[in-house]
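Each of the next two complexes has chain A plus one other chain: chain B in the first, chain C in the second.
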Partner chain A sequence: MDKEQTNHILNFLEKGIRFDGRKLDEYRQIKVEKGFSENAEGSARVTIGDTIVFAGVKLSVGEPYPDTPNEGTMMINAELMPLSNPDFEPGPPAIQAIELARVVDRGIRESGTIDTKKLCIKKEEKVWSILIDICTVNDDGNLFDASALAVLAALQDTKMPSYNGKIVDYKKKTKDTLPLNLKKIPTSCTVSKIGNHFIVDPVHEEEEKVEARLTVEVEEDGTLCALQKGGDKPLTAEDIDNMVGIGIEKSKELRKFL
Partner chain B sequence: MSYTKRNDGRKFDETRAIEAKAGVIKRADGSAYFKIGKTVAYAAVYGPREIHPKFLQNPKNGKLRCFYNMMPFSSIGERVRPGANRRAKEIAMVTEKALLPVVDISKSPNSVIDVFIELPQTDAGTRCAGICAASMALADAGISMNGMVAAVSIGRVDDKLVVDLDYSEESYEDGTVADIPIAVVSRTEEISLLQMDGELSRDDLKKAIEMAKKACSKIDKIQRDALKKKYEVKNG
Partner chain C sequence: MGKLLVEDKTIVTPGEELAEGMDFLPAEGTFRDKDKIISSGLGLVNINGRVIKTIPVAGRYAPKKGDVIIAKVTNILMSGWILDIDSAYSAVLSVKEAKDFIRRDADLTKYYNIGDYIVTDVVMVTSQRLVDASMKGPGMRKLIGGRIIKVNTHKVPRIIGKKGSMVSMIKNATGCNILVGQNGLVWINGSPENEIIVVKTIKKIEQEAHIGGLTDRIKTFLEKETNKKINIEKVE
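Then we have the complex of A and B:
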């Protein structure tokens, strides 16, 4: 990355402003559209500035895991699609995609927002499994927060297909929604550190300069439910406390979109 | 029983509603959105850019490389496993061949022009929608081209030839169905994609091609209008 741009971004941050005119803790415009893909059981399209992420939910009936015989299952997969960023290549998920999927997964799993016991059809035999896919369409930074928002919106949008005990009839959607505990729904805010500054929602030019980032996932009452530090540089305890503070504060804004 | 009225009430030579937009993916060098009925395609073009590994470099010509992918939640029924299966690879290949006649690859030696097609929602006709989006995305990327490509699927449902099969027609149960995706180079009316699934008479094939040409000339206009719209100078 060229030095001029780095200096440009840093000079602006010194003045308490971003190079695109935003405040340090200001998100770009966020839009959440539920139900954009009719064939999915649930879907959402999230745009944050020029970043576009799709999430879709598919449901199927399968076997429970042996250690949780009366609970439904959930899987989250992320595709960093090569159409969304010149550096993404076709092929099996790269480590960045795996990290993204796992961080979003953790927030949902640990918050307990999905009541998986209610997804049990017959103990030890049949449960609903929720298969969630994240597809990036345009990567202009902050895929983490956009993806988390898209997945939660898609889960809220989900309608159970009809099931007669043997086969799932995907053409018949019922009115039943997923058993979600709304108070537990996690929001994800990723705080990034560049120099001595903390910013949220970096665009891709800023993202290339990020030294460290912390994804903070929070339930409605401010309880943390997942964390992930990324980036090459370490953080001090004070940094972390500041970043968590920003994360909790911004989560209130993000929650309004769900 | 013959197929006297289309399931969704369309005329036999009528496509579903089409929506097209250029420049929808900012990170890409060129991009487009093409929606026909409930089938939605996004295409993004990156390049010409360096090709890896190096031995693929050709000093005479660039390479046009296409990828086709249905998002895992895009179709009715079970989730589609991500990653290129045999079907996706074949479609990517025929897409390449469909577009190649209009792309001047001699202008980008040693390089690759990557075309990525993604489908978030499908209701038959995906390869054709993908080709329509890709042709627009290539133009939007400023790739040297000598024309555009439009594509549509012609179907034989029982005894009737129909334009732009949807899924309900593709899976018509009271008779047999043939599905014939066709791409037309708009300037010359040459055919750059032709496949067929099902049984068809030689006469019907001739008719199908004529129907495709007509439908594609309408699609071509929609593609061009969408491209022009992106570069429209707004007054005031």
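Then we have the complex of A and C:
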């Protein structure tokens, strides 16, 4: 049956349509809402079709790492909530959650969209540390792109809390935003391969049949800043060329939501 | 003489008092507390003479004897299969109840393997909610090809229609094979374009099930989607 279902999907893709009537390189409806949480410094809710992801940003003052004494720190943590998909179990983060967090983290870190040097308060002693949480509320496929979009929207939404040199007052938000380099903001587009076809934004049932996927993260001018390959099957150099091409093309569309 | 506290076909919440007095009888979705009848679920009140019940508007499938359902094989036992019936309980299909005669030492995966979808009949639900399924009888089979979608199990009667009128209308208009299980799983097999129309139509029925004149609206919807004229056979 599993094979038959894959064949059924392939029949669809052969004709250039998907199970829900979309084209191969068409996203579902995307909605980005910024600032839905009072208590976080920055937050965003992203819905892509039936997939819903929350992202929240917390800021605190901490010590820098010894090798980067004048730079702020950033940490991303993803939680795949059991309520979003029956396959997700409660407990310590599973391998998918770690991958999700790392891929989103890598895009932001390598693009250099956050000017971490500006987050330094006192060299070698105090810097702002950014803690980002990703929380999946409903998983209908494509958590990668939804999470990346949510995190970036939350970062844009972030307002610095007031800090008097000793304690951070989270109740009082200042008008300052994070030092973001808007030109370098990365967009993430995950291209999946089923048979000989490349699709974006797979729904849950398609995701189960995906042979390989490539997450392409691109800056505004088209510079690649991160790649992540997943899935069981290998990709040829030609495949990667095609997938990166689709990723760059689609990133223009995704950028409009930020 | 007892007194009704709600009107027929209103939506009630759990704990709401429906009637007073011993003249009324509690049925599905209701219970008696002293001389009052109280709703135990969210649903539409249905008053039939002295009998009061609530028809749920949402919620999971509750297995019932005689239901024809679509189930997924999730595990293989020594003497049968465990089925996921998209409910809180799983069902068991015993080797004796399989379609063909199976020898004692046969490899059960040759008949139904893990991940296969089958059409099956609920033959027994015990008070402990152990569900027994059977493949004996016409129409029970393993599903080959096609795809499965999930719908609200309480909207299944509207998708099927009176004597199957709604589902046969969709079948005729699109030329797809459709099977609707009572547990809310629907199997569709046809050409890609038509399958998408079927899914759209079923989603539309699911959303608009409570609004009157459904058949006519679905008919015009299908005509627009397929660009074909549809003649509805009148069902008495």
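The definition used in the following text is that the second predicted complex is superposed on the first by the 254 of 258 C-alpha atoms of A that agree within 3 Å, B and C clash if a C-alpha of one lies under 4 Å from a C-alpha of the other, contacts with A are read in each partner's own complex, and residues count from 1 in each chain.
Everything below uses one rule, namely that a residue touches a chain if its C-beta (ideal position, glycine included) is under 8 Å from a C-beta of that chain, and two chains touch if they have at least 3 such contacts.
On a predicted model such as this, the values are computed, not experimentally measured, just so you know.
Undergrad: With the two complexes superposed on chain A, say which partner A:17 touches: chain B (first), chain C (second), both, or neither.
TA: It touches chain C, and chain B stays clear.
Undergrad: Counting only touches as set out at the top, which of chain B and chain C does A:5 meet: first, second, both, neither?
TA: Once the two structures are laid over each other on A, A:5 reaches chain C alone.
Undergrad: Is A:66 touching the first partner chain B, the second partner chain C, both, or neither of them?
TA: It touches nothing on chain B or chain C.
Undergrad: Give one of first, second, both or neither to describe whether A:83 is in contact with chain B, with chain C, with both, or with none.
TA: A:83 contacts chain B only, not chain C.
Undergrad: Can A:52 be said to touch chain B (first), chain C (second), both, or neither?
TA: In the superposition, A:52 contacts chain B only.
Undergrad: Which partner chains sit in contact with A:234 here, chain B, chain C, both or neither? Use first/second/both/neither.
TA: In the superposition, A:234 contacts neither chain B nor chain C.
Undergrad: Compare chain B and chain C by how many residues of chain A each one touches, and report the one with more.
TA: Between chain B and chain C, B touches the greater number of residues in chain A.
Undergrad: List the residues on chain A that touch chain B in their complex, please.
TA: 36-41, 43, 50, 52, 54, 56-58, 60, 77, 79, 81-86, 90, 92, 131, 133, 135, 137-140, 170-171, 204
Undergrad: Applying the document's contact rule, which stretches of chain A touch chain C when the two form their complex?
TA: It is residues 1-2, 4-5, 7-8, 11-12, 15, 17, 19-21, 205 of chain A that touch chain C.
Undergrad: Flag every residue of chain C that touches chain A in the complex, lowest number first.
TA: Going through chain C, the ones touching chain A are 113, 115-117, 143-147, 192-193, 195-196, 199-200.
Undergrad: For the complex, which residues does chain B have touching chain A?
TA: Within the complex, chain B touches chain A at residues 24-28, 31, 38, 40, 42-44, 46, 49, 67, 69, 71-79, 82-84, 114, 116-118, 120-123.
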